[in-house]
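What follows is a set of notes on a single structure, which appears directly below.
For clarity, chains are labelled A, B, C and D in written order, and residue numbers in each chain start from 1.
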Amino acid sequence: MGVWDFIYNLFPRLYELTSAALGGLPTWASYLILGLIGIVLILFFVILVVMLFVWFERRLVGRFQIRLGPNRAGPAGLFQPIADVIKLLLKESFTPSKADRWVYFLAPVVAVVPAFLIFAVVPIQGGAGGILVDLNIGILYIVAISTISVVGVFMAGWGSSNKYSLVGAMRTVAQMVSYEVPLVLSIIGVVLIAGSLSMVTIVKEQAVPFILLQPLGFLIFFLGSLAEINRSPFDLLEAESEIVAGFHTEYPGIWFAIFFLAEYGHALAVSAIVTTLFLGGWMGPGLPPYLWFFIKVLLVFSVMLWLRSTLPRFRVDQLMGFAWKYLFPLALVNIFITGFEAILWPDFPWPIILVNILVMGVLIVLWSRFFPLEEGFRLERYGIGIAKGMALTFKHLFRRPITVQYPEQRLTPSRRFRGNELVLDLGRCTGCGACVRACPLNIIHLETRRGPEKGLIVERFDVEAGRCMYCGLCVESCPVGCLFMGRSYERATYRLEELTVGMDRLTAPDRKPSAYAHPEMEKEMPEQTLLAPPKGVH
Amino acid sequence: MLPEAVGWAIFLLPILSFVVISFVIRPFFNSRPELSGYITISAIAISLILSLWALVSVINAPGHEVIFEPHNWVTIGNTIIKLGLIVDSLTAVMLVVITVVSLMVQVYSQGYMRGDGGYCRYFAFMSLFTGSMLGLVLASNLLMLYVFWELVGLCSYLLIGFWFHRPAAAKAAVKAFVVTRVGDFGFLIAILILYLKTGTFDIGELSELARLGVLGGTALTLAAIGLFSGAVGKSAQFPLHTWLPDAMEGPTPVSALIHAATMVAAGVYLVARTFSLFIHSETAIMTVAVIGGFTAIFAASMGLVMNDIKRVLAYSTISQLGYMMLGLGAVGVAVVSHAIEPEEGLALGVAVGIFHLFTHAFFKALLFLGAGSVSHATGTFDMREMGGLRRHMPWTYATFVIGSLSLAGVWPLAGFWSKESILHHAWESTPFLFYLAMITVFMTALYMFRAVFMTFSGSYRGTDESHHHLHESPWVMLAPMVILAILAVVAGWFPVGELLGGEGVSFFGALAQPLAWVSLCMAGLGILLAYAMYSAKWLSAQSVGRALSAFYTVLSRKYWFDELYEGVFVFRILVNGFFAILQWFDTYIVDGVVNGIAWITIVCGGSIRRLQTGQLQAYGLAIFLGVLIIVACFFIFGV
Amino acid sequence: MAIGLEHYLILSAILFSIGVYGVLAKRNAVAILMSIEIMLNAVNIAMVAFSRYIVPALLTGQVFAIFIMTVAAAEAAVGLAIIIAIYRSRQTVDVEKINLMKW
Amino acid sequence: MGVAIAFWVLAAVSVASALAVVITRDIFRAALFLVLCFLTIAGIYITLGADFLAAVQVLIYIGAISVLIIFAIMLTREAQRGSPSNRLRLPALAIGVLLLATLVFAVLVTPWNVVVPLPEAEPTTAGIAARLFDLEGGFVLPFEIVSVLLLAAAIGAIVLARDR
């Protein structure tokens, strides 16, 4: 057996090992231990993947916004989430005085547990060891479990006895409940085709990925689940501009971290479910199935991020309207169509794909045209506007990020840059002291002595940069032109005495003079570095 | 041959129009009230045509009678109450009279009631009125007849009180209703007596039984008198005449209808219809004759002094109705005194009475419409504020004079013929009544022409500004008057008497009899006197009044009959006597029982209501307790 | 000992009685509604237990349970709507204060 | 054995939480305990081999009904007033106990003809579907009626709760 083979059959191997180890125990004990192992596995799996996702999201969203995201902590900023977690853990943990303590502290738990439970039935690959338990009601189980988190949100909002939290909770729950309806209805289409609720069976049924057979169902399910997990454009619960941070306003450090975990866990779960239901799960050529699975999940997740970085937030009334007037009827129509097709062509020949895509387009246009959420709100002209926006953000992926890796990399300022430090050319200085006289703050201290032949030798030339207001009178008053403004812009120092700039630093070679009061110098100065490259340049 | 459906249609059409107006036009087309007028007119016009058809077929029918088989209406055990129509010459004539007059009145009302608030209501009532009257004359049994009888009474109440916002009108309506009710009471008793005696309501059978003598003696007398009391009430005979003058409060067309064709005619018609019962009871027929004769002169005497033109006409109506009764009575007396054979007398009496009703209908309607048109111009009914209207409203004048002449019984107008026959029979049977009638003829001429002269001749006595408003009435009002005037002239020439079975009088042959001359002289005398007093002013009315002031007072106070009834009967006897007892009984016995029961209920409820706590959960508790008990029983006693 | 039908039935009986107590003894209409839900669940348990232990082949009991759930959902929706309406008009959901049917 | 343990635990928790629902004065906590009760009852369904029902129980009772109830609690700001017991507490208690006694007695005296041996619990989803829509002896008509009932309830709820 080669390495490849081992990688390919990783999970079955693990399964065999564990079952062999538990061979002797009575069934219920083995059940218990298996359950515990599963729990632990899922815990770690989820937490790890969530960290990965956090990093991934920040990076990808950065790219969508023509930045490169966190890239300092660890290779390519991979340790950023860890740093965040540490920060959160180190934060002070307090509870609001009026909080209903039990409810307050149980809320995050209730919110996070379902996120983990979902993964019990997600098949990361076929056959043994690919899934913890293959419930024959898998998808129903998922829907049911995911509703429990609603209660957690409620508890959080209520327990922290804060009006923003309460409003946020109400919004969230209203949103979740409303979007659950089209969500479940759109699942029914898939179940109709697959003829089973079990996740494994559903995946196995997907000779053709159901996204092709159920384009409309996919759309509804995807949007619905976006709303379920409160990701933008449905992230009203944390509309900072309206309600501070929604239901978890009052939650400090670790408790907030748990909510955070729950949220991303749900995101992961949703991606996994979408993969399973519509993208043919682990199936794929070449690579080991679980890799396929993860790739697809990541793909779905990145589509979420794509949407997030494109679309603005819904208004709360539009939100409800969108659920009830738009997704819900469409989901019903989808069920009818699928039912008819299931009766007429039980084996779903390929023309159905075209038919369904066509139907989807027609329905979307029709609904946008005839059932606008409000006057003039035609879903951005039948979704064309949305498509345009998506295209734009997608294009941003391939533009050079404008991030500047300060301090290693610095921007060259404009030639006209006035500068904010003094540069002294000692060679020319005659120690005439004009600058001293010119300084309105008397912060230039000059000491000279007679030189061997006529002329003065400058012994001390200090500037109290801390008090300097960079009026530039000294530069202008210098008769020999030995004083300049400098081109750099670091001003911070670590110690106070460094604020008194001595002669050695004034004359340091790394200090580049700016063209202030010396326009003739502009010519030999370097080009200014532009962040947004001119057209055509990448 | 006449299909029965026509018979029904004749009186159902106006009733139908009533229904349509009150349930369709009034709620939905209230903005176009004129519709109701058109509907009514068309309905009555159709029933007029049908009535003419009925008349023709009656004329051609053998024995001048079309027989319809009555239908079963109510079956209670073995008593079957039937419902049927009778169309004989009497009915046919009545139908024609009613429909013609009613049609004229409706057309007239188009103009007269224009712009009145209750336009729809008016026509609804009018059509119901006509319809019920038609039904009355078509009814073949007493029960059905009684129903329509009461309907007529109701409609008269509604129409007299049409302007119910006027206290006078409201009072008059109530008075009419109550007074006629007194008579109707007798009528009802009579019906019951007859039914108890014979077990049938059918008029034909009744008269047959009466003829065979099966029905007779006291019972028959009582029944006849009862029927007659009903007639007295409806036809406003003495002593129940007081309602008719007050009924003038209603709109004038209504008065015309009441006086000419519908309401009061009902009484006479009833007597005529049941004449066969009267002629077998001397007392009854005597009563009819005497009351008729007395009423004639009595009413006429009051008509002499009235200043309200409509009241004059009202009293004249009463006296004319007295004439009709007299005519019936006279012939009846002749029969009971074996002067003539019953069968012959039967037809004869009806002929005499109804012939006068026939003619009278036309000219009296004409007169009322004339009075209405006058008041339409002057805005009053008081003759003292009229005068000299001849110049302003010539058509009204002409028609009014024709009507008056006809009423005065001047040859060859309609009134003459019918009156002649009555006088003739009175002279033959009861000379005493004949003399009364003669005086009445004189009085009639006198008061009618007093009215004519006071109204039309001389100079206008009203206020100046009303003087400017004097104008002839619109054609929609004049046309019926003209038509009625023509009828008032020629109605007498129709062989109605023959049709009804009386003997005819040749056109000029009438003048061959001395009686005619006597009555003509009396009439002429009356007219002359009226001319002398009110037109030429040879002797002033005031001086005459002063000379006969005692008389004058008595008459103008209407013999204190209203006071008598109001004060003595109603208050002394009824209110303070009989009603008081009833009230005591009602208060202490009836209410006592009722309140007692209520009191017991309250007490029980007061104690039980505590259970009704309004606490849902208390009820729930009770429910579960019950369940528990049931289950416990189930376990303890087994299934 | 093995778990038998009686265990489930008695459990459902206990829950049912608790629900009855709640329905009868609570003041807040919402609390009463909750108690009713508990009773319905108790009945459901009994149903499912019957279908498991007496007629395992045909799942009539479970079908009934599904119907009961549906009706429960409808009942909750309407009941809560009524409670909200009452609250709007009377500013309370205390059933002791909602006694207009009283003598 | 495992089933037994599960049953006892679940039963204990469910009864306790049900009691908490009716006893606690804080209405919001009562609602949370109700959720717990529903959850445990779902577990009990699982011990009865009714997996589909268990999922539906969670979906409907926790996902829908409890949420509705909590919504009602928040909309009718009664929480500060709590949900105290009324004057009928003791009679209600008596009734409850009596009822319980009666029911237990009935359960114990009734001879149940339980099938022995108990067949293994297998997935019920397909079975339920077949039973529901079986053309003879099925529940198609009741199903339709219930659907109509739901629709009516939804509309009624909307009409009732709509703000005028």
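In the analysis below, contacts are C-beta pairs under 8 Å (C-beta built on N, C-alpha and C of every residue); 3 or more make two chains touch, one makes a residue touch a chain.
Treat the numbers as computed from the prediction; the structure is a model and nothing was measured.
J.: After subunit D is dropped from the contact network, which chains belong to the same connected group?
T.: No subunit D: A | B, C.
J.: Using mean Cα positions, find the chain sitting nearest the overall protein centre.
T.: C
J.: Could you work out how far the Cα centre of subunit B sits from that of subunit D, in whole Å?
T.: Between these chains, centre-to-centre, one finds 81 Å.
J.: Between subunit A and subunit D, what is the gap in Å from one C-alpha centre to the other?
T.: A distance of 41 Å separates the two centres.
J.: Can you give the whole-Å distance between the Cα centres of subunit A and subunit B?
T.: Centre-to-centre distance between subunit A and subunit B: 103 Å.
J.: In whole angstrom, how far does the Cα centroid of subunit C sit from the Cα centroid of subunit D?
T.: 6
J.: Which residue numbers or ranges of subunit A touch two or more of the other chains?
T.: Correct list: empty.
J.: Using the touch definition from the top, which residues of subunit D touch two or more other chains?
T.: In subunit D, residues 52, 56, 64, 71, 86, 88, 91-92, 95, 99 touch at least two other chains, as defined above.
J.: Could you check subunit C for residues that touch two or more other chains and list them?
T.: Those would be 20, 24-25, 95-96.
J.: How do the chains pair up in terms of touching? List each pair.
T.: A-D, B-C, B-D, C-D
J.: Which of the residues in subunit B come into contact with subunit C in the complex?
T.: On the subunit B side, the touching residues are 609-610, 612-617, 620-621, 624.
J.: Help me check something: in the complex, which residues belonging to subunit D touch subunit B?
T.: Within the complex, subunit D touches subunit B at residues 86, 88, 91-92, 95, 98-99, 102, 105-106, 109.
J.: Can you check the complex and tell me which residues of subunit B touch subunit D?
T.: Subunit B residues touching subunit D: 615, 617-618, 621, 624-625, 627-628, 631-632, 635.
J.: Touching subunit D in the complex: which residues of subunit C?
T.: 1-11, 13-22, 24-28, 30-31, 33-35, 37-38, 41, 44-45, 48-49, 51-56, 58-60, 62-63, 65-67, 69-78, 80-85, 87-88, 92-96
J.: In the complex, go through subunit C and note every residue touching subunit B.
T.: 20, 23-25, 32, 95-96, 99-103
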